[in-house]
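Order of writing sets the labels: A, B, C, D, E and F. Residues in every chain begin at 1.
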Amino acid sequence: MLSVVSRLSEYDSLRKVYHQKRDGESFPSSEALHEVVNLTRSIIFPGYYGDSSVDLSTLQYYIGVSVDKLTNVLQEQILSGFLFGSSSETEYEQLKLKSKELANRFVANLPSLRDTLVCDVEAAYYGDPAAKSFSEIIFCYPAVKAISNYRIAHELLTYGVPLIPRMITEMAHSETGIDIHPGATIGKYFTIDHGTGVVIGETCIIGEHVKIYQGVTLGAKSFQLDEQGNPVKNIERHPIIEDNVIIYANATILGRITIGRDSVIGGNVCVTSDVSPCTKIVQPHSNL
Amino acid sequence: MLSVVSRLSEYDSLRKVYHQKRDGESFPSSEALHEVVNLTRSIIFPGYYGDSSVDLSTLQYYIGVSVDKLTNVLQEQILSGFLFGSSSETEYEQLKLKSKELANRFVANLPSLRDTLVCDVEAAYYGDPAAKSFSEIIFCYPAVKAISNYRIAHELLTYGVPLIPRMITEMAHSETGIDIHPGATIGKYFTIDHGTGVVIGETCIIGEHVKIYQGVTLGAKSFQLDEQGNPVKNIERHPIIEDNVIIYANATILGRITIGRDSVIGGNVCVTSDVSPCTKIVQPHSNL
Amino acid sequence: MLSVVSRLSEYDSLRKVYHQKRDGESFPSSEALHEVVNLTRSIIFPGYYGDSSVDLSTLQYYIGVSVDKLTNVLQEQILSGFLFGSSSETEYEQLKLKSKELANRFVANLPSLRDTLVCDVEAAYYGDPAAKSFSEIIFCYPAVKAISNYRIAHELLTYGVPLIPRMITEMAHSETGIDIHPGATIGKYFTIDHGTGVVIGETCIIGEHVKIYQGVTLGAKSFQLDEQGNPVKNIERHPIIEDNVIIYANATILGRITIGRDSVIGGNVCVTSDVSPCTKIVQPHSNL
Amino acid sequence: MLSVVSRLSEYDSLRKVYHQKRDGESFPSSEALHEVVNLTRSIIFPGYYGDSSVDLSTLQYYIGVSVDKLTNVLQEQILSGFLFGSSSETEYEQLKLKSKELANRFVANLPSLRDTLVCDVEAAYYGDPAAKSFSEIIFCYPAVKAISNYRIAHELLTYGVPLIPRMITEMAHSETGIDIHPGATIGKYFTIDHGTGVVIGETCIIGEHVKIYQGVTLGAKSFQLDEQGNPVKNIERHPIIEDNVIIYANATILGRITIGRDSVIGGNVCVTSDVSPCTKIVQPHSNL
Amino acid sequence: MLSVVSRLSEYDSLRKVYHQKRDGESFPSSEALHEVVNLTRSIIFPGYYGDSSVDLSTLQYYIGVSVDKLTNVLQEQILSGFLFGSSSETEYEQLKLKSKELANRFVANLPSLRDTLVCDVEAAYYGDPAAKSFSEIIFCYPAVKAISNYRIAHELLTYGVPLIPRMITEMAHSETGIDIHPGATIGKYFTIDHGTGVVIGETCIIGEHVKIYQGVTLGAKSFQLDEQGNPVKNIERHPIIEDNVIIYANATILGRITIGRDSVIGGNVCVTSDVSPCTKIVQPHSNL
Amino acid sequence: MLSVVSRLSEYDSLRKVYHQKRDGESFPSSEALHEVVNLTRSIIFPGYYGDSSVDLSTLQYYIGVSVDKLTNVLQEQILSGFLFGSSSETEYEQLKLKSKELANRFVANLPSLRDTLVCDVEAAYYGDPAAKSFSEIIFCYPAVKAISNYRIAHELLTYGVPLIPRMITEMAHSETGIDIHPGATIGKYFTIDHGTGVVIGETCIIGEHVKIYQGVTLGAKSFQLDEQGNPVKNIERHPIIEDNVIIYANATILGRITIGRDSVIGGNVCVTSDVSPCTKIVQPHSNL
């Protein structure tokens, strides 16, 4: 056993696979990010998430405690995100201050986040004949989980926080099978039905009142390599979906193309070029 | 922070996102429903689920305890399902009695549930060359988890229990990526291979000896809106799949159409109109 | 209740659904296998998985402890895998020795496993413009989780260990939606993007530098039944994918066919016959 | 095994050792009572117990939540205490209302409970040269734990709540070795040093500024039997300790006697008759 | 750090402080012994300990499961007790069989253990005016915990099981402050009031209807050394307490002396020689 | 409820009972100190505490990991101890460095701590005829737990660490009923038999080869008040016990007196003045 341990501990073998924590660095933590998400949900949807025994007379206490805890946990996680990839020792205090400021900014934005999520819940309700009530959607629809994680993550990404947003959407990905990159831009009244297998890429732009079904990919077609053969980062390579578009199950839409407003994309279609507004694309012999 | 807490606690902001629990109401609980599912599995498949040390001489004790606990937990969850959406205070005692009666009815039906699930296990075994034994299927096939949750949930739905059935199938959805609406009607010897991304809609009717693969959608094509623009609920809008049909990976079957018996639907096909019995539908140039 | 318990405890009803543990047998345990996977990850990628406070001066202690624990837990699980399906009492001591030997063999192979996984991480980095760093890929890409579980499981399968390999890949299947059968043969520099819904069958052979997207199935088309109507086991029935192939989202490739090197398979295509090298297959009107 | 189980399940064998729960009865729960004590401590001593991250700006939220939770948990435990020994089915609703009212009464009394406990902390500080600060006493002196449990339990006992008070003092007994019967009456500025082995009986009356050391018993000497040979309950049979008395380690004071104010009882003395005020009782040859 | 780790890992430094586990040896486990005690309590006092929802119609199932689990856990612990101090490799299989046989013997004796403990509960009830009911004594008196652990441990000690009995009484010692050596012999209707600080030595013999109070020691006075200066083991060196004796708080009784039947020993007395029957020993000036 | 929450949140009511944490301060944590103690025990007594599967070939890895973790956890706890009572913001970085240095000093002293504890184990073995082996003493004697916690705490106290030492001895006090102040000075080969109720005060000085029994108090007789009526801290007020003294159960020794070498103090004696060497003090009529 000694020799295996030695070989596994050699610097050369470790070079690409080892993370050296800096002194005082706390690692980004899935557990803490679960708490971030749960606290946010309990603030946005009190009574459904978090302590179910709240009533209107005590609600402010519960929201106050959740907001305070969220601020603290989020601040630590933002900081650990900054430190994860950072190489300089000197900026620790500065990053700590910045993390505190960003956590406060996130918290100040919670009322607006609630407004946006209410619209998403409404879209789910009006788009699904099987939905019995708003309650049922808030309480058990996976799309609400995936979209709320995305909206939290997207907010943090716009602040420039590294890693943490991706971890938050991956948590929803694992739970719901819906993989929305935090970099995507998604309008109001967005809904996903069933959702397993949905992929929405980093540079997607999605309008309002868009509805997509399980297995839909909004992906990239191909991508440029730079002179060293590395993929060029930050190229706009994913689709633009305009308002009121519906995309049926397992459709695959690839590349920086535009699906015009009020269009319908049928199941299992692979679309790789622009679609004019008000168009219906289906497999041969299919009708919707 | 005070002002954010205040805004988040205002009645207007809360109206659509807040659940006010009634006095004495216990909330439907994912944890308790996990226990319902685990107890049911340990009764149906003793030795595989629950305590693995049972032997034939002590089995009756273990089953007796599991049945007793299941009755209690299920009764509470049924009651909390009824209360979740109910608005009247007066019917509490009546709902409590009804919940007890329904929990007992569910338990009395367990031998029959075992018989049905044995058929599903057999279908999985005879339909998968990679399957090594019944044991392997019972112990680690995700389809068995998804189908057993569906059969539990469907039984409860036929009793008129709200919310709880949907929560039970969502638990399997999250674990396996298989989303079967508890309202669907599914015959014996049903099997799903791999299963991630499978969606089976609320009003589907599936015959016996049907086999479907990962990514298959049995969904709705479009749906009616009522005069207020709300989707009309309870319309039959999902496919009917007759006996002995096989549906390959990523096929999408939409609308109240019938796939006739002994038909085969190929991978990635999107079908939106009736298919006669004994028909094979594939993508151009594919053969199965 | 008595009569239900009695009926559920009758031998006839139990015959197909009951696992009788042998004396001294310990059951394969999901919890223990999670530990196997976590320990392996913490040895392969120290600092990312396991205790994040390791530094180069103490690393050997942490790796030493993890290797020792892994050896013990794995040995028990290998043994329980052997016993799960075994019928003879006499071979217990022999299987115990064999399990110990195989656990040691697995551990001795860890440096090589690390080398292979480093290649997979590189492939993910160079194949995804959204990837920010090796760190991000190791720390939060689901493909790394699914592929590392597969490579652990495949190694154990080549030793002839029953059941355990399948349980290990099912754990990744549930977490990531990626279902790779441990029997598949997969070359170096393999990467899966997003991944939900991917299925890779038991007898697949995949070359080097292959990249596949979410929803891709590498499955079987149909299979032979023997004279009793049982599926014939161990037939080569899944595709061969040669080097440098890219397969886009939701493509379905079925049967013992060969996709020649440097080919590209477009989204939502269903392929059921051989594809020559350097070929691009797309849906009509799609271009990649 | 069957016969042992049968014998253990026979009614005759069970008669004296079996608790038959009534329908809807929830059992008094050590876990819930630990929560009652912890919530009370976190309200009385915020920052020391409960969440240590509170600051003055958010304190009201934390206290609000703790008070709300305490009310709910305490109400349930009071109810289960009433039901534990009760035999009539009809009074359930009445006892539920009463429990709610008593839980509210307890909560309304919390400010006064805090005042009393502050006095006890002061007494500990001024009575122990080893004490470094109020903080140290609040945070780690076992006497504070034992006395606060006693004061909580005594309050509930004066409301007529059965069983629960005793369980609360037993929790402190197990943790600290200090056994104060909830029925005892104890004045302000009470302190116990070290405390292991202290016993304070049900009908004790203790004045203000009393200090006792480890191993001190304030017990009963003997007790009357009624005509059936049962001990007569509720007889005043324990000592009265007047103001400013100090009792040294391992002294035993038995019976309804009075230790007059400003007296000192030396270590290991057994006192069974009245002691006049300002008296010092020691073992022969001892001096204090 | 390296040098400290090296010094701490040197064989010489380790010689007296290191336990080398033999292959296959499972270590005696506090957690498992807690389960042994909890299962035994739940069998003896169903409804008070274990699942509180049992009723007479389901009791046999609960007792059946508890008995089966107890048999398994106890068997393992007995075996690990035998192995703990054993030096020979060859007797493993033999010890395993013996452990199984002893666990079965213990279980067969449970009805008799229940009878004995009922007597102890009765003694506590009739001996304590503060006791409100049998229920209260079973449910929250520390003496019942200490005495039941002792009776379990004593039974195992008479079977020749090493270490395990001592661990079981130490668990009660830690929880209640009552330290009864499992080797002591204690008659029926034994009760301890309050109990903290009670010590009952290895070779004590206690009759029936004996009652002792907190802080009482039944200990050894001095002991012989053998020629190497080691204490001679297994000498009868603790008191004999005859029937109907009462011993008050903090009394210390030392050496192989006899306290004759119907005697009363007063508080804080130290007795080191025989006491005739019907004698009352008190401190000067005390009366009881 | 509002008014109670308000009253409890008022600054005046909070003044004496509220701990305001400073920014960045982490609170002393019982849980972390339990880890400190468990890690130390697992280093001192490997195989008995911590992972029981260590063997000589892997021991260095386990000790290495434990030493590394201990250093980290201890450093944090030392820091939080310093911050607990500190009022200045400016010294944070300085205290952090100091804490690290002290944690390293503690770790460097572990081999010596092991040597001392081996002597205590030997003393327990040679002083107790009921002891079967060194193993049994290390594994289950409460005295070993209490004395090892004391020796850890005493070491930290000599470094000037506040609060933490006291918390460590209180943990042992709660578990074993033995209350040793970390300030006491205790020589080698110290043993306590049974131990419940033992109290050893802050300024005690105990020689080598001293043995004490349960219920023994080495306490203070009375203490000076300063001009404000506060007790004068740091006065030498507890006994000096010279080498080879034995003190029997429930003896109480009070004040700065000296018990001369080779003396024996009998059970239940209260001693308040010097005892010459080689003296035996007993209650009248007792003999030892």
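Note that a residue touches a chain if its C-beta (ideal position, glycine included) is under 8 Å from a C-beta of that chain, and two chains touch if they have at least 3 such contacts.
From a predicted model like this one, the values you see are computed outputs, not experimental measurements.
K.L.:
Looking at the contacts, which chains touch subunit C and subunit E alike?
P.N.:
Of all the chains present, those in contact with both subunit C and subunit E are B, F.
K.L.:
Give the pair among C-F, A-D or D-E whose set of contact pairs overlaps with that of E-F by over half, matching residues by number.
P.N.:
Among C-F, A-D or D-E, the interface that shares over half of its contact pairs with E-F is D-E.
K.L.:
For the two copies subunit B and subunit C, what rotation in degrees overlays their C-alpha atoms? Round to the nearest 5.
P.N.:
Rotating subunit B by 120 degrees superposes it on subunit C.
K.L.:
Same or different: do the copies subunit D and subunit F touch each other through matching residue numbers, with over half of them shared?
P.N.:
different
K.L.:
Taking each chain's centre as the mean of its Cα atoms, which chain lies farthest from subunit E?
P.N.:
Max centre-to-centre separation from subunit E belongs to A.
K.L.:
Using mean CA coordinates as chain centres, what's the gap between subunit A and subunit B in Å?
P.N.:
Here subunit A and subunit B have centroids separated by 27 Å.
K.L.:
Compute the distance, rounded to whole Å, between the mean C-alpha positions of subunit A and subunit E.
P.N.:
Here the centre of subunit E sits 58 Å away from the centre of subunit A.
K.L.:
Give the residues of subunit B that touch two or more other chains, as numbers and ranges in rising order.
P.N.:
Residues 1, 5, 53, 58, 60-61, 63-64, 68, 177, 196-197, 215, 250, 268-269, 284 of subunit B touch two or more partner chains.
K.L.:
Using the touch definition up top, name the residues of subunit B that touch subunit A in the complex.
P.N.:
Answer in residue numbers: 1, 4-9, 11, 13-14, 16-21, 27-28, 84-85, 162-163, 166-167, 170, 173-174, 177, 179, 181, 183, 196-199, 201-202, 215, 217, 219-223, 229-235, 237, 250-252, 254, 268-273, 284.
K.L.:
Which bits of subunit D are touching subunit A when the two form their complex?
P.N.:
51, 53, 58, 60-65, 68-69, 72
K.L.:
Please output the residues of subunit C touching subunit A within their complex, sorted ascending.
P.N.:
43-48, 52-56, 59-60, 63-64, 67-68, 71, 107-108, 110-111, 114, 117-118, 121, 126-136, 138-140, 142, 175-177, 194, 196-197, 213-215, 248-250, 266-269, 282-288
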